[in-house]
Amino acid sequence: MGIGGLLKTYVGMVPNPMSSKMRQVRSRLRGADVTVSVCPYCAVGCSQLVYTKDGRIIDIEGNYESPINGGTLCPKGAATYGLLHSPHRITTVKYRAPYSDHWEDRPLDWAMERIAQLVKQTRDATYEETDEHGTTVNRTLGIGHLGGATLDNEENYLIKKLFAAGLGIVPIENQARI
Amino acid sequence: MPGLGARLGRGGATTTQQSLADSDCIVIMGSNMAENHPVGFRFVLTAKTRGATVIHVDPRFSRTSALADLHVPLRAGSDLAVLGGLINYVLNSERWNSDPFFREYVTHYTNAPVIINPDFRGPEDLAGLFSGYVADERRYTTDTWQYADQQARPAAAEDQAQTAEPRPQYLGRLTAPPRLDPTLQDPHCVFQLVKRHYARYTPEMVERVSGIPRDRFVRLAETILANSGRDRTTAFCYAVAWTQHTTGTQIISACALLQLLLGNIGRPGGGILALRGHATIQGSTDIPTLYNLLPGYLPMPMATELERDRTLEEYLRRNRPLTGAWYNTPAYLISLLKAWYGDAATPENDFGYDFLPKISGDASFQAMIPMMKDGIMKGLFCMGMNPAVGGQNAVLAREGLANLDWLVVRDVYEIETAAFWYDAPEVRAGKVRPQDIKTEVFFLPAALAGEKEGSFTNTQRLVQWHDKSIDPPGDARSEAWFLYHLGRRLKELYRGDDTAKGRQIAALTWDYPTEGPLQEPVIEAIVREINGYTVADGRLVPDFSALRDDGSTACGCWIYSGIMPEEGRNRAKSRRGDERAALEWGYSWPRNVRILYNRASADPQGRPWSERKKWIWWDAAAGRWTGYDVPDLPETKPPDYQPPEGAVGLDAHPGDAPFVNMADGRGWLFAASGLRDGPLPTHYEPWETPVGNPLYPEQPRSPAAILLERPDNRYHALGDPRFPYVLTTYRLTEHHTAGGMSRFVPWLAELQPQGFAEISPELARELGIDNGDWVVISTLRGEIEARALVTERMQPLEVDGRRIHQVGIPWHFGYSGIATGGIANDLSALVEDPNSRIHEAKAFTCNLRKGRLRSGAGEERRE
Amino acid sequence: MSTTVARDRPGLTGTTGARPGAVGFLTDTTLCIGCKACEVACKQWNQLPMDELGFTGHSYDNTGDLGATTWRHVAFIERISDEEGRRPTSMRAFQSNWLMMSDVCKHCVYAGCMEACPTGAIIRTEFDTVVVQQDVCNGCGYCVPACPFGVIALDLGDGHARIGDGKAHKCTLCYDRLRDGLEPACAKACPTDSIQFGRVEDLMDRAQQRVATLREQGVAGAHIYGDRAVGGTGGIEGLNAFFILTAPPEVYNLPAQPELPQRKTIPASLATVAAGLVFGLAAVLSLRRR
Amino acid sequence: MTAYERRWETRRGGGRSAGDEARESYYGLPVIHRAPWRWEIPTYFFLGGIAGASYVVAAIADLVGGREERPIVRVGRYVSLATLIPSPLLLIRDLGRPERFHHMLRIFKVRSPMSVGTWGLTVFGAFVTLSALIQAAEDGLLDRFPPLARLLRGLPRRLIAALGAGPALFVSGYTGVLLAATAVPFWTKNYLLMGPLFVASALSNASAAISLILSLAGRGDHRALRKLERLHWITSAGEALLLAAVRRNSGPTIARPLNEGRLGQVYRRGVLGAGLGLPMLLGAPGAWLGRRLPRGVTALAALLTLIGGALLRYLIVTAGHRSADDPQATFELTRARDR
């Protein structure tokens, strides 16, 4: 800029000395990968775009393409990034022994094996082949399951299949009644 | 949602959110849509800007009311009286009786002309009861509710085993086509029965019960009437504020009844939109994690006194109707058995029918809580559910958890259910010590959408896929991973066990391919199984019409069949939206139909009722149904089709039968079966109520409501002076359900950081409470403290000459996370709607006083 | 409360001094459902920490006001009953009786904060928005009392702003997103299009039509806040982020006719010089040699 | 406990609703943000004012005065330097990012009193230092460096003083303009009075500071003292009148901080009484009747004036904060009147 410009910029009524750093500003979505997701909160079914950079989610926004939300989100949907990155998020297995007053850390594999053992124990102890009329029932009431409305359909399918069809567990319930 | 299923045939929203934009009037009742479904509310505002009238009928003035043209406050729990009043008003209105549209719609598309068993008696004859009541068992036998001249006795509706979803299709066998009176004059025809039943629901009566002033009610009724008809449609939106009552199912079915009368079902801008609360709560009923259902609303086999499905043959005899879409039940069930037990399912062993567990008693969520406390249930999995906060009578729920041998919590945060043994109010108050709690607790970190792929089914039955973008952090894993590997280990543990329990798990097909470093099961392999394939060559089936009952096909959930019609085409992934039906966005069961029963969008001759409201219509030249949507009936069935003698399945339905799942193809104003507490919706008071029931003084409360009363779950007597206020619970925009997904998220927690109770200035003045003061709310189940939010948005109502105060409490809050507060469900009770087995959290009674809890339990930590 | 009825001021109503091509927000409160998606979307995109205000009892507003770490704030005002204390039945079209308004930096055509800034940290961008350059601001804090709307604030780590970097912060109108042609986060998230983003002149046209429609529908109080008649007065010459309100600005905690503070600089300086001369003379008289 | 909870503790009665709390204003919350300044700023206003004004006094005494005014010149220059030195330190200390103080010199913006002020202070700093050095040289304090001392004594002392008087006067008064050019009701409502008030106060404080030192130094220059007392009396009178004008011009709502609570006491007892009235009373005989006052009295009057000056800066800044926190004050200022 010439003298006039300089004066206008540095002395004028509307000074505008933009810093070199400011000139470089770009949105962090530049060069990010994007995948399509669905909001995990309510049942409206808003489509979301998940932006990732080097294996990390950097942003989650509404998807303009969706005939339902057309790019918009509610506060919960807009907080999905916060749901994944909350400081309260737990990413390790915690174990509380009977009558204990504290959590202990345990390896995932140990927990899986321990849970499988407990399921077998309880199932074996509570399994009914026939009821009092001699009808085959092949079931147990000794184990229960809660949840499903926040999971995926495929996961619900596995729950019903493994727990009911495979193990004979009857009390399988989700939030649909709540 | 049996309320819809019993009258229309499918337990799902009949319409889409987008379709609301085409409405001329939107009635939001039993829902706070703007707060709990803000994005869905866009379409309400679109309709409004196009000139539609928006009405909010709700005890509270909420963010929805603020955007409505009409706010009609009513006493929580009086909804059915209001709907009954509307039905009565409509039937006697000048408009309804003069405009031929209504009569044409009703005579062709509903069972109004059907003659009912002349032995049927209604509450007006029998002091508040329907005929067939078995007092000592608090249930009905429904023989007298049946269509006239039908030989076969109905089945499911009278069973004692509790079905969450009704089975209207099980109207025995229509041994003769229903006897009709097109003039609607026969005293035993449904129309006359309905008219008689609702005759006493006058505007004056509505005012006495609900507190809605007469003129205001008339304004409401007139607006709905004026916006229904050939060229206009009214839509109803509801949510759990209708469901969560001992009469919840009947409230919803009353709405279905009203909408059928008004000719609003199956048409754009009409219908009933059930607004559901979780990402895939619809999906988890379609592919049910529910004790009494198999995928696709097939009932679990029963082993009760009245229903004993010893063999596959017995099961089918009871559960297969001869007419309507359910005629193919055998193909659906046997394909499911093939999907689950593969080669172990052979014709010789009834396709492994015996491997399926049979149910006897109630094992619903509410029943599970006492089961834990009483030591019947010893182990529990919680996957993304928080019973320590979300369970009714949460105090009892936590006692139940404390009595388990082991508990597996899979979640992303340390929710109350995982922390109950050291953090629960009773523990903090020193009433219980961790050292006394035996439960072995596992917390397994879960993965979230974005960290796993899979599909959700939203509130309008739309199945949408979410891609995986990154691996979950640390030990976090998807539920699919957990279940697949747990199943693998269990199969290992039972290897060689030849007892029944060993054979059961051994028979299960469990060979999903895995991928990636975490050995995640391939999710689309599960979708293949859900869609179905031919056993011989494993080729995918195009949709459920290809399913067979000879074991040649396998299908995990018949109503989802068609979601993956060919290799590499996952229709949940289709993402091409458009302005109208958006048929290429996601996949909507059944067969990608967007507006259910859309045959009714055309007149009996197949022409659109009006240009403005056209949706699908009969193209005579092409000999097929065409339009904006997938027709919800056989595509080439002409409007004038008449079923030949002895026709079965859908062929037994005429060309003007929109309700393909019903035995007679008609919408049921009168539910001959499928509902356990009466064929016609009847107003009963909530189980806990400060007032009587002027409609049926002898029978104030539901005669069929299922009671779980016990010392640790006591009820308030009718009009108990110790608990004078009506309490209702609800959600806030800023939080989600029991808070597990919101109270731990800083950006949401700050917006509603603490639990509170909303009371009217009138009540506040009586009790000397100022905005922000601490108050204690108590019931016989428990007591909590909260901040008082004194607001004119709450108001007392004059009910039958008495002033009734209402208290409102958001039920999100608990003792874990950033935003904390007293647990509203510590106050609620276990008591069930007999049809859906849902609890009553929207209307019960409580006491409220200024002050704090001595124990300090429930105090938020910030202090 | 002082209830200023918004009078139409010929020649000023609906006009703005915004430079051609300037972009901004139209926040139409009549469409607002108070969901606070804007607050969250803003914090999410700009990675702002939560505030720890706690439960306020201010209806559903637990955010309080705009600050260093809160750049969108939804106000809630309960006007449920009429004068006789009767609850409403049929209400005026669109938002009524429970007022909700998503407040934000106004990006004034002439901005007090920017005029005041002695370091040139606050600049006017190529989009005609007003932005604080974080690499320049030295936290002198003079912009804070210079904002007629109480928007900009220093983050001193006290109160409920919790980074404590000592610098001034406010809405950037998502400058980084604009640079890449993206819609600002709050406007994108808003489920009901209560917050609209676009070129100011287009938005102003839209706003005027909307106000006309609303008045036809009987919303007498409907008016634009942020044109040169109301909100953008006294040398501010209009707001690039303006609003449609249905009640007097004061109800929403907004000044009805604010003034650009720097308008006072020259007269105040002259008065000071004058005083200097007077007292200087006094000094001369007092101290002169005799 | 949050502020809200404390507020609740104080409420009585019952039935007060959220709607009621938003009736008079938006829950009583401020419309604008108060200035984030801490104690450094009012202190600087005080010291900076003295620095500028005492340079002015010194310069004028130098230009129009004679032999007997020399002490005033000398002391004035030293006071000016002494009070100037801490000023930039205070200003930098108050910054959110002190290490970036030099960004202030990144630009020169005429419409920003703070920008102009920074430059003015810088220029003034040069004059003060120069004049003080000259004085030091004349007082023979620099004899250890003969060339420098000689050089300084050679400079056009009076010319420099004349040139420096401008920036000096500026520094003593621009802070008033700086307050005027904000949205703070109490400051901007009185935009024509703030600068003059600060100039008057600065001059009275400066003359007080000088006479305090002279009287304590106890040398025989009562003539000079009496002249100072006169100046002090006139400027104090001006200050008192301006303060009254401020209160009047503010109107009841915006003037509330001056009339209520502890700040009201500071205003009446502190600034008006102890800071202006009393010293003027004590100084009157000397100033106007040519009486020769005991040094103690002069010193006391001067001291009171200085305390009053400090209190005035505290008063003005705090009253500004109060008015910024009061939504009614802002509404009062911005209520729609079709201009």
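Lettered A, B, C and D in written order, each chain numbered from 1.
Rule of thumb we're sticking to: contacts are C-beta pairs under 8 Å (C-beta built on N, C-alpha and C of every residue); 3 or more make two chains touch, one makes a residue touch a chain.
Note that the coordinates shown come from a computational prediction; the quantities given were computed from them, not determined experimentally.
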Where are there more C-beta contacts: A-C or B-D?
A-C
Centroid check, CA-based, most central chain -> A
CA centroid of chain A to CA centroid of chain D, Å
60
Starting from the mean Cα coordinates of chain A and chain C, work out the distance between those two points in Å.
36
Using CA atom averages as chain centres, what separation in Å is found between chain B and chain D?
73
Return the distance between the CA-based centres of chain C and chain D, expressed in whole Å.
32
List, in ascending order, every residue of chain B touching at least 2 other chains.
38-39, 42, 733-734, 746-748, 751, 771-772, 789, 791-792, 818
Residue list for chain A, restricted to those that touch at least two other chains
10, 15, 17, 60, 69, 72-75, 77-79, 82
Residues of chain D touching 2+ other chains?
4-5, 8, 17-19, 21, 106-107, 109, 111
If you look only at chain C, which of its residues touch chain D in the complex?
1-2, 4-7, 9, 53-59, 61, 64-65, 75, 77-81, 112, 115-121, 136-142, 144-156, 165-168, 230, 233-234, 250-259, 261-262, 264-265, 267-269, 271-276, 278-280, 282-284, 286-289
Which stretch or stretches of chain C touch chain A in the complex?
35-37, 39-41, 44-45, 120, 123-125, 131, 133, 135-136, 175-177, 179-180, 182-183, 185, 188-191, 193
Touching chain B in the complex: which residues of chain C?
31, 33-37, 39-40, 43-44, 49-55, 57, 59-60, 62-63, 78, 80-81, 87-91, 93-98, 100, 191-193
Which part of chain B faces chain C closely enough to touch in the complex?
34-35, 38-39, 41-42, 45, 48, 61, 63-73, 216, 219, 732-734, 746-754, 756, 771-772, 787, 789, 791-793, 795, 818, 862
Spell out the part of chain A that touches chain B in their complex, as residue ranges.
33, 35-48, 50, 52, 55-57, 60, 65-70, 72-80, 82-84, 86-103, 108, 111-120, 122-127, 129, 131, 133, 135-178
